[in-house]
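Structures are listed in the sections that come next.
Presented sequentially are two complexes of chain A, the first with chain B as partner and the second with chain C.
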Partner chain A sequence: MDTPSYFPVPPGVGMEDNFLSLDDILLSQERLPVRTECVFPRLGFLEKSSDSQDIQEGTKMELPLWLCKGLYEKKRKVLSVELPKIYKEGWRTVFTADPNVVDLHKMGPYYYGLGSQMLHFDSPENPDIAKTLLQTFIGRFRRTMDSSQNAYNEDTSVLVGRLDFLEKVLFKSGQSGLNGFQGWEKGQAAQLTASSLVLNYRKRKIVDIQS
Partner chain B sequence: MDPSEVEFLAEKEFVKIIPNFSLDKIYLIGGDLGPFNPGLSVDVPVWLALNLKQRQKCRILPPEWMDVEKLEEIRELERKEDTFTPAPSPYYMELTKLLLNHASDNIPKADEIRTLVKDIWDTRVAKLRLSADSFIRQQEAHAQLDNLTLMEINTIREFLLDSLNCMYKLRSNLQPGATKGQFADY
Partner chain C sequence: MKRNDGCDGLTGISSWFQEDGLRQVLQEMEALYEQNQADVSEAKAAGRADLIPSIKLRHCCLLRNQRCVVAYLYDRLLRIRALRWEYGSVLPANVRFHMSAEEVQWFGLYKKSLASFMRSIGGQEGLDVTQDMKPPKSLYIQVRCLKDHGEFEIDDGTVILLKKNSQHFLPRWKCEQLIRQGVLEHVMS
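For the complex of A and B:
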């Protein structure tokens, strides 16, 4: 079977993120709306909307998740993090009503990952967010499973288009199970094929070695 | 696990053949086989049966369950019951494919059997998906997989395990602080 030349590190999903996971690195760049709780001296260049040298107390701005996690402290209030709108009450009601209708790729695409990371920041709504995340996953599970286990040899971009990043990983593992079985049933497993490493290997030109 | 590995395991199943040559008992690590006498049926593993068949040294007798009437009965039962009924053989899918591909001339009504087994497979896989869904929906911690065959488990294993992992992590979000201190090494 096809073995990739490297094994991607899976995303951490929960409150802990995986340091080496590409998805988690991309996730840490997601921007969060924050409100500064003290003056940030000489950092005015970060905030393009005002001309002052410092970032004033009470400024509303957007900061990436990794910076928020670093600056956030419970005891000394440096900044307070507001919830992105998909985790707010209004959207939570939508997710409880029918999680299948939401285009999580457009809304996220790291809906579950970011949601779990939001739990780092103290908020009275945290238990509700965690509950909604779990319920959304459960509600959408059937769709992900059925589409990944039935779409054989067809264009999956429509099926994948509305999925969250986490669900996409699941979709892929479902597809590998289906493809493996279908390939075996058709007798492709019995044919010997060259490894992709050998196929991709190009002969070095003498010019490249000399230069 | 790759489906071809599952097939490899299935090749250890025994099947009856009628050889057309004579040979003394042969002693192998996996057990003694034979003696082979022309016209007398003998139990051998599938891998040997297929090898002999390809060299036209034997005739394969299909296993008892590989019979149109019996399979029809199993199919009806499988459709009627909500739970999994005992599979005709723990390797029914693999054996059907192996035997029908290599020895279809020894099996009466091979085409019908192929369709029937495929029907049974489809019914069972649909049931498997249904139970996986209700398993996730009710957030159960464990499930009993009675009467499932290796090949069936194998098609859904990767997907189900990954989903359960995700669900576990999302659920541990509900109790903050419970997962602290778990670091994976890479």
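For the complex of A and C:
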């Protein structure tokens, strides 16, 4: 296991998000269904369906999370954010029934992240959403941890395919721990290696020659 | 509304410093700012408070663009810093080619900082903390040469010719940098 020296800014935990974290920036690109509660003059060009110069009150649109967070105000004068269907009552019962069955990657790769950010929008269902997120995570964690610790040197795409982004990160760190330990057992821990820069450059050169 | 979408893909140091992309984002930010200025003065002068939501929206976009740009630049710096630790103090030409002038300058300053730190610890000669990143198991190691590197002098004066595929038994501290640069390969028996 090579000593890592690149430490990217990690994503924020729960309802926070880190300004410089690339993962958080990508997460906040996710779109949410929204209903405008006031007029937005001169911004009609953002909304493709109507031709007016302004965005009228009561328009239903999809806006990215960062814009929703920026414009949202507690008194609801500006926007009202609807819950995406996976956080609604129907899907919540599915998650509580059996969390392991669900394909969280298809449900939007950022299920936990987006769910935690949704709590900013003061929906009356917030406590239920929070509880469901937590219970789903607890229910699925065991399987993720088990599979990450026991899949050595094999193709993990089947195991990883149904995981949400957060679970994928956990899986990867489990795998790197496992690979590190196996490497140490084989005596590879003392072997000096070339830097990843050199290895990647070599790989790319081979690809270039082959193409 | 353009953002640095996929700025994730742009941050590998193997890709160019995206000057064009950055310039476009900055131009968009200027346009948004000017629109906002016009609306703010109209809101104040003509008392049109209904323009405020639009002003807020444009402001959110400005903040978003700023965030993307700053995160992109910061991530590149983190990767460049990692290069000093992983590769060494002299970067190969193909990597420097992909860095902007400011990044090259930053790397030079970081190197100097690190060097003066290393000189200040460990007594008279200083301590090279970028060495022995893995705990050493022996003083001498077996290495194989991966490419021609010419002559190499070790501490007792002997000169070794590093030719491709030749194997040598050399002091560990002399080889560490060459192994990292991919010139030598550590052979475990």
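Everything below uses one rule, namely that the second predicted complex is superposed on the first by the 190 of 211 C-alpha atoms of A that agree within 3 Å, B and C clash if a C-alpha of one lies under 4 Å from a C-alpha of the other, contacts with A are read in each partner's own complex, and residues count from 1 in each chain.
As a working rule, contacts are C-beta pairs under 8 Å (C-beta built on N, C-alpha and C of every residue); 3 or more make two chains touch, one makes a residue touch a chain.
Since the structure is predicted, the reported quantities are computational estimates derived from the model, not experimental observations.
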Partner chain(s) touched by A:Met145 [first = chain B, second = chain C, both, neither]: first
Which superposed partner A:Leu166 touches (first chain B, second chain C, both, neither): first
First (chain B), second (chain C), both or neither touched by A:Gly174: first
First (chain B), second (chain C), both or neither touched by A:Gly14: first
Which of chain B and chain C A:Ala97 touches, first, second, both or neither: neither
Touched partner set for A:Arg202, first chain B, second chain C, both or neither: second
Partner chain in contact with A:Val158 - chain B first, chain C second, else both or neither: neither
Touched partner set for A:Arg42, first chain B, second chain C, both or neither: second
First, second, both or neither for A:Gln29, with chain B first and chain C second: second
Overlapping contact positions on chain A, where the chain C interface meets the chain B interface: 9, 20, 187, 189-190
Partner chain A, residues of chain C touching it in the complex: 1, 3, 5, 7-8, 11, 13-14, 39, 50-51, 53-54, 56-57, 59-61, 63-64, 67-68, 70-71, 74-75, 78-79, 81-83, 85-87, 92, 94-95, 133-137, 141, 172, 175-176, 179-182, 185-186, 188
Touching residues on chain B, where the partner in the complex is chain A: 2-4, 7, 97, 101, 129, 132-133, 136-137, 139, 151, 154-159, 162-163, 165-167, 169-174, 176, 179-180, 182-184, 186
Partner chain B, residues of chain A touching it in the complex: 1, 9, 12-16, 18, 20, 112, 116, 119, 126-127, 130-131, 133-134, 137-138, 141-142, 144-146, 148-149, 166, 169-170, 173-174, 176-178, 180-181, 183-185, 187, 189-190
Parts of chain A lying in touch with chain C, wherever the complex brings them together: 3-9, 19-22, 25-26, 29, 38-43, 46, 66-67, 70-71, 78, 187-202, 204
